[in-house]
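The chains carry the letters A, B, C, D, E, F and G, assigned in the order they are written, with residues numbered from 1 in each.
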Amino acid sequence: MNLRRVMLDVDKARSRPEMTEIAAAIEAAPGVEAVNITVTEIDVETVGMEVTVVGEQIDYVALVDAIDGTGAVVHSTDELVAGDRIVERVPRSR
Amino acid sequence: MNLRRVMLDVDKARSRPEMTEIAAAIEAAPGVEAVNITVTEIDVETVGMEVTVVGEQIDYVALVDAIDGTGAVVHSTDELVAGDRIVERVPRSR
Amino acid sequence: MNLRRVMLDVDKARSRPEMTEIAAAIEAAPGVEAVNITVTEIDVETVGMEVTVVGEQIDYVALVDAIDGTGAVVHSTDELVAGDRIVERVPRSR
Amino acid sequence: MNLRRVMLDVDKARSRPEMTEIAAAIEAAPGVEAVNITVTEIDVETVGMEVTVVGEQIDYVALVDAIDGTGAVVHSTDELVAGDRIVERVPRSR
Amino acid sequence: MNLRRVMLDVDKARSRPEMTEIAAAIEAAPGVEAVNITVTEIDVETVGMEVTVVGEQIDYVALVDAIDGTGAVVHSTDELVAGDRIVERVPRSR
Amino acid sequence: MNLRRVMLDVDKARSRPEMTEIAAAIEAAPGVEAVNITVTEIDVETVGMEVTVVGEQIDYVALVDAIDGTGAVVHSTDELVAGDRIVERVPRSR
Amino acid sequence: MNLRRVMLDVDKARSRPEMTEIAAAIEAAPGVEAVNITVTEIDVETVGMEVTVVGEQIDYVALVDAIDGTGAVVHSTDELVAGDRIVERVPRSR
């Protein structure tokens, strides 16, 4: 399966790791071409982020391990795109 | 009939199958070119997903069987596109 | 008149016909090039769908007959586009 | 004046004329290239439609006469575009 | 100054002038290339319209005079675009 | 610094200056290529406007002076874009 | 890691620095190609801004130092994009 895009819900402590460390770890994972880290919540102790990763033949397990390795926590996988191109979700109409 | 896009409402247990297993099973179905799996609900026991599949001459029965084979459950088919190209829905104005 | 797009409000019983049967019947109608069937309502007994058909020189009567022939019911025609190209509706501003 | 787009508010009785008759009558009017008829209201006796007509050198009087000739009623003209190209409305910001 | 787009708030009596008369008068003003007249309000006595005029070296005074000459009333100028191209407004974010 | 776009909040008295005077004064400022003046508020005495100016090497001080010189008042600068191209704002997601 | 876009939440006192000073300082930082500074809040003493910086091999530490050097305050980093191209965030659907 050619994994082309992954969207992850990731938390980190406010003090560390730095967002640049997380971005660097993700970019170094096999198959990753680019990453967007968007902060969606800042709490007293933690920062909530949505992480969008694009590439070709992304190694999903290595990607999650890379994030864990920085001290950040992957809470859930919210979207996967696989195949010969990126296909956007068609939202439900009912 | 040349089936080009299918949108399915799919549930899985939280523990298994993995979303990557479902994506791999779908991608292997006849006629499938790419798939987007988006999580729309996380409950205590289950995860609700919207699955968008694109391709050419998609084998609808084989596609549903492939998903069932992973242990996930297809609840409903929410959109079908067939013909010589993908046509978007024109929403009702009344 | 060169009919190029039709949007129909169609209902079917939950058990039958299958949506793939309706799509196949529509695709076989004269002038039809592609079809989008979107489910907008699932009730106890029936499924409500919005059907968008595009093509050239679509035979409107044959299209409605094809849908009726599957056992589904055409409730209303909600949009017609005719002429030398597809023109989108300009919505009213008052 | 080169009239290029007209948007009309049109009503018809539920029973007749057929929407396809109205579309055919509009398409036959001088200067008309394409037409979109969108149903915006279905009442007990009548059907309310927004009719968008595009073309070049559209004959406005002949267009309205063509619609009247089918038994439908033009209630109002809601937009006119004239000139050497189609210009969209810039909505007011106050 | 090269005036390229003007948006005007214009009223007319319901009975007259016809919208086609206003469009013809605007189109004949110096520098005008195209015009969109959109009805935004229909009251008992009057019709409120938003008029978007595009062109090159539009003569603003002649444009307003042309509209006044038909019996319609220019209430206010709501947007002006001038220069070597049309630039859209960037809306305020606070 | 190559200033490429400026968005200003500007007020004027209802009677004067004319919007066309303000547009002409802005267009004559060094580096300005085009300007959009959009009215966002009409009060008893004053008219509130959002002014979007685009160009290359825009002289910010001269631009503000040009507006002041017409008798209009610059209340605030709401956006600046500088560099080798125009970059749009990415809005905050939290 | 090739840092290509950074979005920062920045505050400044109303009196100083000028927004043009901040833009000039950012534009001079290593790797920066263009910057958008949008005012999102004006308070009694301070002005809140969203700063979007694009470039190639942006030096994150030098960028933050450049802003601090003008007397403005970086409150938080709200988005980072790194890799071989700019990837937009895919928002969560649950």
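We adopt the following convention: a residue touches a chain if its C-beta (ideal position, glycine included) is under 8 Å from a C-beta of that chain, and two chains touch if they have at least 3 such contacts.
Because the structure is a prediction, the values reported are computed rather than measured.
A.B. asks: Tell me, which chains sit next to both subunit F and subunit G?
C.D. replies: Both subunit F and subunit G are touched by A, E, going by the contact rule given at the top.
A.B. asks: How many degrees of rotation bring the Cα atoms of subunit A onto the matching Cα atoms of subunit E, given to the nearest 5?
C.D. replies: Resulting rotation angle: about 155 degrees.
A.B. asks: Among A-F, B-D or A-G, whose interface repeats F-G's (more than half the contact pairs identical)?
C.D. replies: A-G
A.B. asks: How far is the middle of subunit B from the middle of subunit C, if each middle is the mean of its Cα atoms, in Å?
C.D. replies: Centres of subunit B and subunit C (C-alpha means) sit 22 Å apart.
A.B. asks: Whole-Å distance, subunit A centre to subunit C centre, using C-alpha means?
C.D. replies: 40
A.B. asks: For subunit F, give me the residues that contact two or more of the other chains.
C.D. replies: 38-40, 42, 50, 78-79, 89, 91, 93-94
A.B. asks: Can you list every touching chain pair?
C.D. replies: A-B, A-C, A-F, A-G, B-C, B-D, B-G, C-D, C-E, D-E, D-F, E-F, E-G, F-G
A.B. asks: Once bound in the complex, which stretches of subunit B touch subunit C?
C.D. replies: 1-4, 60, 76-94
A.B. asks: Which subunit D residues qualify as touching subunit B in the complex?
C.D. replies: Residues in contact with subunit B: 38-42, 50.
A.B. asks: Contact residues on subunit D for subunit F in the complex?
C.D. replies: For subunit D paired with subunit F, touching residues are 93-94.
A.B. asks: So in the complex, which bits of subunit B are touching subunit A?
C.D. replies: By the definition above, subunit B touches subunit A via 5, 7, 9, 19-20, 23-24, 26-28, 32-40, 42, 50, 52, 54, 78-79, 89, 91.
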